[in-house]
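Labels run A, B, C and D following the written order; every chain starts at residue 1.
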Amino acid sequence: MIKFGVIGYGYWGPNLVRNLFEVPQARVVAVSDMRTERLAEVTSRYPSVETTTDVQDLFDNPAIDAIAIATPVSTHFDLALRALRSGKHVMLEKPMTSTSEQARRLIDEAARRNLTLMVDHTFVYTGAVRKMKEIVTSGKLGDILYYDSTRINLGLFQRDVDVIWDLAVHDLAIMDYILPSGPCAVSATGINHQFGGTENLAYITMFFEGNLIAHLNVNWLSPVKVRRTLVGGSKQMIVYDDMEPSEKVKIYDKGITLNSGTDSLYKALVGYRSGDMFAPQLDVSEALKVEIQHFLDCIQTGKEPLTGGQAGLRIVEILECASRSMKQRGKLVELEASDLMLSQGAA
Amino acid sequence: MIKFGVIGYGYWGPNLVRNLFEVPQARVVAVSDMRTERLAEVTSRYPSVETTTDVQDLFDNPAIDAIAIATPVSTHFDLALRALRSGKHVMLEKPMTSTSEQARRLIDEAARRNLTLMVDHTFVYTGAVRKMKEIVTSGKLGDILYYDSTRINLGLFQRDVDVIWDLAVHDLAIMDYILPSGPCAVSATGINHQFGGTENLAYITMFFEGNLIAHLNVNWLSPVKVRRTLVGGSKQMIVYDDMEPSEKVKIYDKGITLNSGTDSLYKALVGYRSGDMFAPQLDVSEALKVEIQHFLDCIQTGKEPLTGGQAGLRIVEILECASRSMKQRGKLVELEASDLMLSQGAA
Amino acid sequence: MIKFGVIGYGYWGPNLVRNLFEVPQARVVAVSDMRTERLAEVTSRYPSVETTTDVQDLFDNPAIDAIAIATPVSTHFDLALRALRSGKHVMLEKPMTSTSEQARRLIDEAARRNLTLMVDHTFVYTGAVRKMKEIVTSGKLGDILYYDSTRINLGLFQRDVDVIWDLAVHDLAIMDYILPSGPCAVSATGINHQFGGTENLAYITMFFEGNLIAHLNVNWLSPVKVRRTLVGGSKQMIVYDDMEPSEKVKIYDKGITLNSGTDSLYKALVGYRSGDMFAPQLDVSEALKVEIQHFLDCIQTGKEPLTGGQAGLRIVEILECASRSMKQRGKLVELEASDLMLSQGAA
Amino acid sequence: MIKFGVIGYGYWGPNLVRNLFEVPQARVVAVSDMRTERLAEVTSRYPSVETTTDVQDLFDNPAIDAIAIATPVSTHFDLALRALRSGKHVMLEKPMTSTSEQARRLIDEAARRNLTLMVDHTFVYTGAVRKMKEIVTSGKLGDILYYDSTRINLGLFQRDVDVIWDLAVHDLAIMDYILPSGPCAVSATGINHQFGGTENLAYITMFFEGNLIAHLNVNWLSPVKVRRTLVGGSKQMIVYDDMEPSEKVKIYDKGITLNSGTDSLYKALVGYRSGDMFAPQLDVSEALKVEIQHFLDCIQTGKEPLTGGQAGLRIVEILECASRSMKQRGKLVELEASDLMLSQGAA
């Protein structure tokens, strides 16, 4: 039995607590939040859980083994560091930290203390993304040619992060999990429409070694909600549409083919091949529950989580580069520590 | 009655001929193509039409008033110039020419001879795009904040042009028509997957004066066909989905609003407003027929077509900049002749 | 403050308890279920709630004002009657009872004791259905010509009821609420595929006084989930698609028109008119919460609920007729008590 | 080379002529129509084709081998009989005739003269329906449990036929082709909204020997166009959506399964199994062209067409029964000549 303290009971915290209650090997001991009305919610729904406005109570509580942190990103580093120094395992909301330097320091701290540090890249634990990973790893797609994702909706403007840190982080976590390697350079564009905050829509192109390119379209100002990712291979292609109630992942038996056409002034010798479509059944378990079980498993076995500190760091590094490129209207920014860019899959 | 010669009977030529037959004030006199089997198609379907493998026959034919050119872009400049010099009005397939310099020379030639020069930006003449123009011009959207288009499908790889010149040209023509001004700088990225041709997918960001940004996603390697454009305004937003059998244009009464929230650490003061959606009935006339009627009207009245040489030039200039930026992985390219960038709407 | 006992903690009971906890004027005192493992669920989530395997404990508890019953339909009459005789208000799952005779006896019992009796026709309290009611009542549709609903999915086969009593009951509750009058005759067909149970797909036509017809298609064996209702009027028409994430209700400005065509051998003088489409914003409050608030309001004011005993009875009467017609392969069955068939709207 | 006369150049006739021109082994010699303006259309597009307002000219023309008839159904019998008596093969628009008695007389006439008589059930020749036939015949679906089709749109009201004869005829032709046997009894309901014509929406249930039921929903007054057919089997199920631009046929690996559940008061022992979905690539040849080639093949070989007179008759018999049942509000009508009801597939 692993006993949890949860910091932050805003948007995501209630999901954490609810899922922690549904996993038999976990128990929620205490929740902290600076807002007493949020804590009243906790008490009314889970009378057995202690509440406090002072996070230090959680760090000081010897009954707590692990801390889940669901607060704004600007607070992640400080809270996670204090949790680790108190000897607690940490499950940290995404993005991991505000800077890659902070991420590296958390990784070191956790390593030194033999504590499990996991970043809550929830999508990685969905049935859809795990199925995509399986397909990509199987080699059925042939050469991976592109990764193209659109994640747009009408969303509340964040104050402490731009749309890249809020939305693209999801796509980067999925990419990091399913692609065999990470990007080596980034060009991003975007705009801050001056509604008082940060950039509210952005476009990010990532260049990889070899024949692969990736692109993300993220937008807080779209009248329609779109969650669609294409993974194009030379033999097959995937469309992942998270708005579909079922059949979220479709595999198209379509690809490139050589024409021996004579109509050469008009058309190139390269054409396409069109075939069947297949939508595999997906595991519909709630991702957060699967993730919590994985976290518990990593705590007990000491193994690195699928979305551990290294994965969190890789994503923060790309976020940093993308924001830097966006400020310079698309100027190419190279990812320095490309040796760190190897994804879990390649490790 | 305007009598036409048509050059090129490949993919688009048959559509031109069919629509020219349906417009009472037009008549097709002759068709030329280098491929005799294509000409045999003409004869079997339209026995009254003369055919020739020598374009010069059309230029020399005094019965012909106007020439429609539907050949690969690399031939546009030469054929259009010869047509104008023969005293014929010209309707030229998009993109207008391979370079902006060529476009300028055609504009000059047509002006000097008082001939009508029109570029076949077909989408401008659809009911959907004309309705969007009407909405944007009415001011109902508030400030125009972004233009975001996706035009992807599994398409034959072109040999003489990259995907930007093949697909993005449509979006640029629509943008040029409905937006009040043109872009001042471009950052584009893309990839040539080395199937023997040119770049086969690309992403183009365009920066405008003021608070507006535009982005195009074009791809010849998508397993699904997407044709979707978002026009985001501060008060209302448009979604134009050309794959919808009806209700192609939807207007969302959604926009930005100010929160007076107290939950300020977590959420910014800027939020959104969500309201009704409205899909106006659209004129379903075939766009090419509407366009031909407009061309005839311009020939008779001498007025500049909605998609005349100037519009064609503006689009070619953006295409040039986008291709140049793409070669340099997103490097910002400024549009020089920004005074030419004023769209028809603002003129 | 109204204090509740809840009977049945299977599929729907947890939703009732959760929503009762969210309504400030309500409190859950006790839950009963015959299965101790279900009661353990209650205790773990709501430690303050008493649990019992003996329903009599709820009827005997003087602290309880109202009973919510979420058990199989075969038990409804007995449990509701005992609750009413114990002086408790009753909120009863749909369908109200197994027979119309039982429904009449419950109505009488509640009336005699001045207790509120409500049937949980949840859909009536959704934003979508309330909006449809508003549109129909406004007269904008013109004459109501037809009501056509499809409610199909792959569902667990029920043992004690056929698919009409399980699925069509939802459509009948919606129809009863939004149409100005009830049907006068029913013809139903269906099949029992002999998987051990009852009829698992059925088609129900209802005839009304005047120019109106209704049809329901219900099926437990469909590979796809469809929830779509059309309400056709002479001036406008509604499409209600509950599977849409937003824009569930669309109003089409389409209708009948007179042609003065001369092509009379081929086409009739009657044609159609096609216009704009409009999707009003809907209230997205959880229907069950709205319904509970309405129940509390009815208890306090003594007014008849929108979905009170009379509405429940009207639906059970149609269900009885439909099942009877289905057993005789479509034989027309007249609804006897047509004076009871007047819906809430007309009352 | 088979030479054709075409009777009727209204809605469908132009499609016939266009496709006849595209089949090398066919030639159109003459077209007749009572409306001279329709004949002028023929002449302008196909100057080589003779035109006449007198059908007798076609019957008398010895150069004509076959007659395609695309006129209102009330004229089918007379025109087809005269064509056969003139020694011409006949391709007749659907529905074949106004009565089954007429259909039988045409079959006899064609048989006596060794002429090919085909009914234009176009859908049977689409890639989608041929693929469905292949799947059903393969046995993969397991036992066929139901056939459920919706064919609704805003359509011109016909004068000489009701909606069953106009729209349901398509579904009956598809059913007749893909199901191993025909129905033995029909119950239909519908309404004539008194806009001057006939019944404009209808619901038809068909009972089969064994465990199969079929249902059709046809409607001229729907604001949305739906063309969806479900074929439910015990092992797999098909959804055929003709409005989808691609993936029109989807095969769901879903079916019935036995539960060994203990929760027996609430759920039956029968549940469902949910698996992958598969959308096979379809032949996209134009159906009418495939059909004409089949007609030519049958003329040359003397074999019975897939949609010959017998198939046409079977459908007319069901149409007669359905209209008769509809007039009596769902009264069951048995199909007498059930030995004729065997479909092509079972023959």
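The working rule: contacts are C-beta pairs under 8 Å (C-beta built on N, C-alpha and C of every residue); 3 or more make two chains touch, one makes a residue touch a chain.
Everything quoted here is computed from the prediction, not taken from an experiment.
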Longest centre-to-centre distance from chain B, chain (CA-based): C
Comparison of B-C and C-D (more C-beta pairs in contact): C-D
Euclidean distance of C-alpha centroids - chain C vs chain D, Å: 38
Separation of chain B from chain C, taking each centre as the mean of its C-alpha atoms, in whole Å: 52
Multi-partner residues of chain A (at least 2 other chains): 274
For the chain A and chain D complex, residues of the former touching the latter: 247, 253, 274-281
In the complex with chain A, residue positions of chain B that touch it: 10-11, 35, 72, 145-146, 148, 150, 152, 154-159, 185, 187, 189-191, 193-197, 201, 203, 205, 207, 211, 213, 215, 217, 219, 221-224, 230, 232, 237, 239, 252, 254, 256, 263-272, 274, 325, 329-332
Touching residues on chain C, where the partner in the complex is chain A: 21, 44-45, 47-48, 225, 243, 245-246
